[in-house]
């Protein structure tokens, strides 16, 4: 399958890495060989609580993301349609746009402590803005001639909103969500690195502190694979949703 | 986001609101928020540990700036951020260009870039800390790696999709294949390259701050996390203000730079 | 020997697949020096492809194109081009664009200034020398493209539907101005268009191409007086349209011809 062929250079790098480790070109303390990492991965999987950590992380990330998606899309569309909503929220959006949301993590830790909520809110706050902005832009950018055609064919009110505006804005909304998806993992990992009792970020940190570097690398690999797979699946879903679009 | 005509007539609740002048309508929410914040804090409805008053934060800010400590920390954060950004720009643009020019480079780098794109690169930080320790090197390396991917991507796309008629016109006017690249391809790709840089820029700041939080050392990130751990909430808020301030200055600065460099470009207007 | 000899030129895309696309099919055409030849045809008939091959931007799949007996291999300043969507260098001012070819020829700065100013004046864009293309209307941009081409003083002018992106009114003005310029200077001009009236108005000879695969269907001489009224142009254009109509229908409704449609 051509997808596998595309990634051949990656396999070559892994192969080269393995050989370099075996020949002694790299310090295997600092850079474990791929086999050692695989070993670490197997060890983690069988030692018991890997799934717990994965579950915790995914739960937090999903919760924050879904919250951001629902509120963000509603807010963005509302801002595009209703003047007073725009007047109230646009200054706030403008003001908070340049703030790197990761700077809020210490505050969230102060407020919500070590448990789930600080992470969920970190993800939520970080992902909210890209979703709001892309929903706003997507809705605003709807071709007026599309809307007028629909109205002259009898569509009004809420139906107009749903059938025309939402569908026409969908490409941009979905691409904003894709960015939010990637961001959600970044914020999740950042907050779990900083202060947590469970989760993949916490796992990676503790493995590192314990000196189990193959395990640590394995944990990072898991995070990378989750992020990668999520993006791939999302793109498939997005393309299906937008299947009516012309291929650029 | 400038107001534009929207196809749906904006439904307004009561004409009183719509009769207020624009700048008042747009600052009301901020003012209300700030006043509520101060009011709630003064009234003691919320534990001052969690929510210091606006006045407390400002007072603390006055102290800290006076002692020059916070300004120094801000400078450090800025230095790391900009250093990493410049490094990422130089390396990233070079790789992107190389990918457009050399088929082998493209074959090799395309899957790498594709793979790196969606993964949370901050997850690599423990590796860099393992290799380089907790000081500047690991922070700057992490930041560079985190923001380089969009730069490579945008540069590659920008240099590949040049309008063929531009190239053909240049050839008909006597440009040699050798000179074509620097005279035509690079200027034509500049808008796309700058967009890539603009996307990478905020990422640099975000990652920089997180690295500081995680690896300590002086800087705004470290300041905020220590304040949080010691329960000094007014310092935490102050840190957030300062971070927002740098963010704002840098983003506006970049936007200004882009306008100057691309005065000839037909910019699409309207979006945030 | 004609100035430009096009002999048995074909262009085939996707030749090794079961469905090759034959853009041009064994085209034979001779073009005399200093003549103005317009090429009309339906969409997809390969007229632009033919022009691009004459310019040296694409190589023919078979056949030869010779200028003054020599086969051409590459684009060059002896064959100037103007494209439909202007292709101006957006990061250069009007003057920058017009002087571009001159700079490539290593003309000294003062002389470049003189030459570029002459052509900017000729296309009636005096005063806009320091404007960027994004500030100019479509008609103005196309004039810059014209000036840029003419400044290099090429022997042959190749124009690929240059007025296609302009509105009908601007188009008519540009046609008149172009005709003036062509008649004032001695150049060989090849002009591709889908607009029959435009072809008759501008051309001394009109080449009509068939629908894909593109072949030459007819070559007609236009002997209208220099100041012939538009009406005379229209009458001649109608003649040519009768030849062209079938091909257009074939292109728009694949597999049908006018007579078939009229009958059934």
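The chains carry the letters A, B and C, assigned in the order they are written, with residues numbered from 1 in each.
Keep in mind that, in the parts below, a residue touches a chain if its C-beta (ideal position, glycine included) is under 8 Å from a C-beta of that chain, and two chains touch if they have at least 3 such contacts.
In this text, all values refer to a predicted model and were calculated from it rather than measured experimentally.
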*From the centre of chain C, which chain's CA centre is farthest?*
A
*Per-chain C-alpha centres versus the global one: which chain is nearest?*
B
*Please report how many Å separate the Cα centroid of chain B from that of chain C, as a whole number.*
47
*Between chain A and chain B, what is the separation of their C-alpha centroids in Å?*
17
_For chain A paired with chain C, centre-to-centre distance based on mean C-alpha positions, whole Å_ = 52
_Which stretch or stretches of chain A touch chain B in the complex?_
6-10, 13, 30, 80-84, 86-107, 109-111, 133, 136-137, 140-142, 144, 147-148, 160-161, 165, 181-182, 185-186, 188-190, 193-194, 201, 204-205, 208, 213, 216-217, 220, 223-224, 227-228, 230-232
*Spell out the residues on chain B that touch chain A in their complex, using ranges where they run on.*
1, 3-4, 6-8, 10-13, 17-18, 25-30, 33, 50, 107-112, 114-115, 117-127, 129-131, 202, 205-207, 209-210, 213-214, 220-221, 224-225, 227-228, 231, 233, 236-237, 239-240, 243-244, 247-248, 250-251, 270-272
_Quick check: in the complex, which residue numbers of chain B touch chain C?_
163, 165-166, 168-175, 184, 187-188, 190, 263-266
*asked:* List the residues on chain C that touch chain B in their complex, please.
replied: 52, 55, 57, 74-77, 79-81, 83, 85, 87, 89-92, 100-101, 104-105, 132-134, 145, 148-149, 152
